[in-house]
Amino acid sequence: MATKASRSAARLMMAPAVVLLLGWMLVPLTMTIYFSFKKYLPLRGGDLGWVGFDNYARFLSSSSFWPSVQATLLIVGGVLAITVVFGVLLAMLLDQPMWGQGVVRILVIAPFFVMPTVSALVWKNMFMDPVNGLFAHLWKAVGAEPIAWLTEASLPSIIMIVSWQWLPFATLILLTAIQSLDSEQLEAAEMDGAPPLKRFGYIILPHLGRAITVVVLIQTIFLLSIFAEIFVTTQGSFGTKTLTYLIFQRVLESQNVGLGSAGGVYAIILANIVAIFLMRIVGKNLDA
Amino acid sequence: MFLRNALRAATALTLVTAAAAQADTITIATVNNGDMIRMQGLTDNFTEATGHEVEWVTLEENVLRQRVTTDITTKGGQFDIMTIGMYETPIWAKNGWLVALDDLGEDYDVDDLLPAMRNGLSYDGTLYAAPFYGESSMIMYRTDLMEAAGLEMPEAPTWEFIRDAAVAMTDKDNEIYGICLRGKAGWGENMAFLTAMSNSFGARWFDENWQAQFDSDAWNETLTFYLDMMDKAGPPGASNNGFNENLSLFQQGKCGMWIDATVAASFVTNPDDSTVADKVGFALAPDTGKGKRGNWLWAWALAIPAGTDNEGAAKEFIEWATSKAYIELVASEEGWAYVPPGARVSLYENPNYKDIPFAEMTLKSIQSADPIEPTVDPVPYQGVQFVAIPEFAGFATEVGQEFSAALAGQQSADEALEKAQALTTDAMEAAGY
Amino acid sequence: MARSVTTRRKTINTALAWAIGLLIFFPILWTILTSFKTEGQAISDPPVFLFFDWTLENYAIVQERSNYARFLWNSIIIAGGSTLLGVIIAVPAAWSMAFVPSKRTKDILLWMLSTKMLPAVGVLYPIYLIFIRMGLLDTRVGLVIVLMLINLPIIVWMLYTYFREIPGEILEAARMDGATLKEEILYVLTPMAVPGIASTLLLNFILAWNEAFWTLNLTAAKAGPLTAFIASYSSPEGLFYAKLSAASTMAIAPILILGWFSQKQLVRGLTFGAVK
């Protein structure tokens, strides 16, 4: 269908976006790689010369490195699992006939509008604080010992906060997908006497495959780089130091730009491993 | 107002003259502490007097530090005045990033600054940041709870006494915790407290050859004592408590004792915010009889980054905000209890200020801190609750996270110390020691 | 009616959905309520829900300390500007990907998305240095550019999925009638894509509004948006729950209201082509 002319026009139209993103990727990437081979300490006079792979070795051998990779993957995986499972359930519920559906939908999407800093501050202080938080009051009311959420269950707490922010996103995409499901097909299955679990497993879930893929892809992109939630709540204590946060500590707190840049390169590698993994699934699912 | 401007212009030198004649807009980065917010509220007085407008960038402490450090190291020039502390000042001044404050006006009376503050904010004998307020740390305690426990607080208690008193005052069913201490990780949070505390136990960060000392008995004793006391008499979730959290707890009447910054005294005795305002006593930070007390020394100070276009106006602002007249201004607007403390000798000689219950103890605490010889054994560094080298903020925060995890019960004192030793050694190697 | 439902089942659905909806919304509701309490009531045990002395003093204090209007205005300009600019750049790209697909189209799309995975902290120094060179520090223009680049991949992808839903036959019919490429885009495609573009604008406006790393680190006094505003309330001395709540409410209220009013468009925007 496409002519030669429209092909070159198409390339021209794509050019601004591609060139801009290429620049946005290459310029910082080149600088990061450049710094990563340098001993660069801003507070000790800046550029102190080339050091080869020293920064890479040091970053990798740090006792914080593997735990940070683990924390990153746990947070991403935990949030994905929670938002997808609860998103599917919530979407199926919201798809049912009910009174005030519009209002409920408004209530459910609201957390998506809250900026991460605010959400972390509110959860940390007003809910999870072990003395004045609402959870502490609740726990005391039923005679239980209040839990210091962010120390005793730091990783689950952060996963919970982030899941709260992203559940609306997952729910809405999944809801739209469910609504597009052919209701006659479902009804036919119901008439044939297929039990609800079978209907879910054989009709609904396969239909949602593509939507779930999209949720996983988009969320992973955002979750790999979460920062505000950790900066505000635990500052990386109690096993919540993600790779992003570790790099932040190296660059800004320790003022070691070379070391932090090497960490940045590792983070890019990790992101790419996750990306390739994702693209495999997504690519297949999106082609259909 | 014109007359005052003219007078200023006549007495001051070159730059200041030029600046006073024209109105500039200066940008000030500051931290969201009570005294700074008060200063922000009084900006109009400065603008009226000099014609200069002020733009404020008020940020939470961690964000502020990240923001100003990025700007100064890259010479970004976003701020005409930065609020920094005793830790940053000598390091930045050494790099030539700060404007020397050696030509402040005669009525500024630079000799009136408390010697401890002036020394801590100088590099090579030149002042590079003017103290807005200064602090040490001391014990704030509830007189009523102390009495109920049948004890009497000495003016200079030992750690043993503090521990026993804390246990005696604790009543967990009624949410009274004998002692509130910092547990939140950070070089300026739990490590400020623990480093100062370790000094009184005879510990040190480094020996004379810059070898980390977390494997020493003294550090082990410090951390064990701290963990044990917090376990017996501390509030729940203490490993997330920093200055602000503890202040809030104390104001709500949930702490028997609190060892923290002397500036907190004006907050805990303020009846508007504090439910225990009239039941607070003060004492010097504890010791173990080894000759050093567990109190720190800190100043929040105003400094001018080198290369700013508005150096003249910025200097005028610093002269205004850290002057005797500013103290008078706050006193007349809000009362003597709210003036920025710990910066000037004359404040403590002022008869109006002598009646303030915490004035004397604040001064004594400041005077008993020694940033030049902070520890029992000799060390190659300066700074009471910090080590004045650029890498400190980074590795001390990481050490703080290990200690915080120990306080949360996630690892033992030995494990925390072992990790602290390893990561400090590693960071020092990376820095080239 | 395709499905007949008993009243009983509908009642159960309604009750369950409302309960879950309110639970999810509760943290926001609690923040808003707390912003009208005094500091003492904000931490009272047992907590007070509605029966307290409503007060506006927290808002007065926050307003006195910070110039809310300026932060708000910066947020609007930065989020709005970056989104508009992004859409202008993305529409042609998405159009060509959707209608003149080549073998590499999908690779390009996925590559674009992958640029979002670079950790921002790692490149703070390089970007800061570039901004100094170009005089973009603490300017709204600088932030508009950065946020546009951050969100561009998402914008391209969202538009691409909409454009793909537009049936090709219509285009061919237009071409038969002798429409030029320009006319095709202006008169045929654009009207059909308006709902898609609207939802893309909305979603990216929200994402830009909530971006808190670059907006905080690249601004000082002039261009700081609401994310910088909130950074001065996060942990002040003494009791602060009520003031924090007031500041939080002020920071999220505009976007919450916008989101609610444009809910329908937004919901369309959130499909990302997840529906076939």
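For reference, chains read A, B and C in written order, and residue numbers begin at 1 within each chain.
Basically, a contact is a pair of C-beta atoms (placed from the backbone, for glycine too) under 8 Å apart; a residue touches a chain by one contact, two chains touch by 3 or more.
Not measured: the values here are computed from a predicted model.
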Key: Per Cα centroids, the chain farthest from chain C   = B
Query = Comparing A-B against A-C, which pair counts more contacting C-beta pairs?
reply = A-C
Query = If you average the CA atoms of chain B and of chain C, how many Å lie between those two points?
reply = 39
Remark   = CA centroids of chain A and chain C: separation to the nearest Å works out as 16
Rounded Å distance between chain A and chain B, as computed from the means of their C-alpha atoms = 37
Multi-partner residues of chain A (at least 2 other chains) = 42, 132, 252
Query = Which residues of chain C are in contact with two or more other chains?
reply = 43, 124-125, 231, 234
Ask   = Hey, what residues on chain B touch two or more of the other chains?
value = 66, 70, 74, 248, 252
Query = In their shared complex, at which residues does chain B touch chain C?
reply = 27, 29, 32-34, 37, 40-41, 55-61, 63, 66-67, 70-71, 74-79, 242-244, 247-248, 251-252, 267, 273
Inquiry  = Using the touch definition from the top, list the residues of chain B that touch chain A in their complex.
reply    = 62, 66, 69-70, 73-74, 91, 95, 175, 184-186, 235-237, 239-240, 248-249, 252, 254, 390-391, 393-395, 397-398, 401, 404-405, 408, 410, 419, 422-423, 426-427, 430-432
Residues of chain C touching chain A in the complex = 2-3, 5, 9-10, 13-14, 16-18, 20-22, 24-25, 27-28, 30-31, 34, 43, 45-47, 89-90, 92-93, 95-97, 99-100, 102, 106, 108, 110, 112-127, 130, 149, 152-154, 156, 168, 172, 181, 206, 209-210, 212-213, 226-227, 230-231, 234, 241, 244-245, 248, 251-252, 255-256, 259-260, 263, 266-268, 270-276
Query = What residues on chain C touch chain B, complex-wise?
reply = 39, 43, 64-66, 124-125, 128-129, 131-132, 137-138, 216-217, 220-222, 224, 228, 231-240
Complex contact set, residues of chain A against chain B = 39, 41-46, 58, 61-64, 129-132, 145-146, 148, 150-152, 231, 234-239, 241, 249-250, 252-256, 259
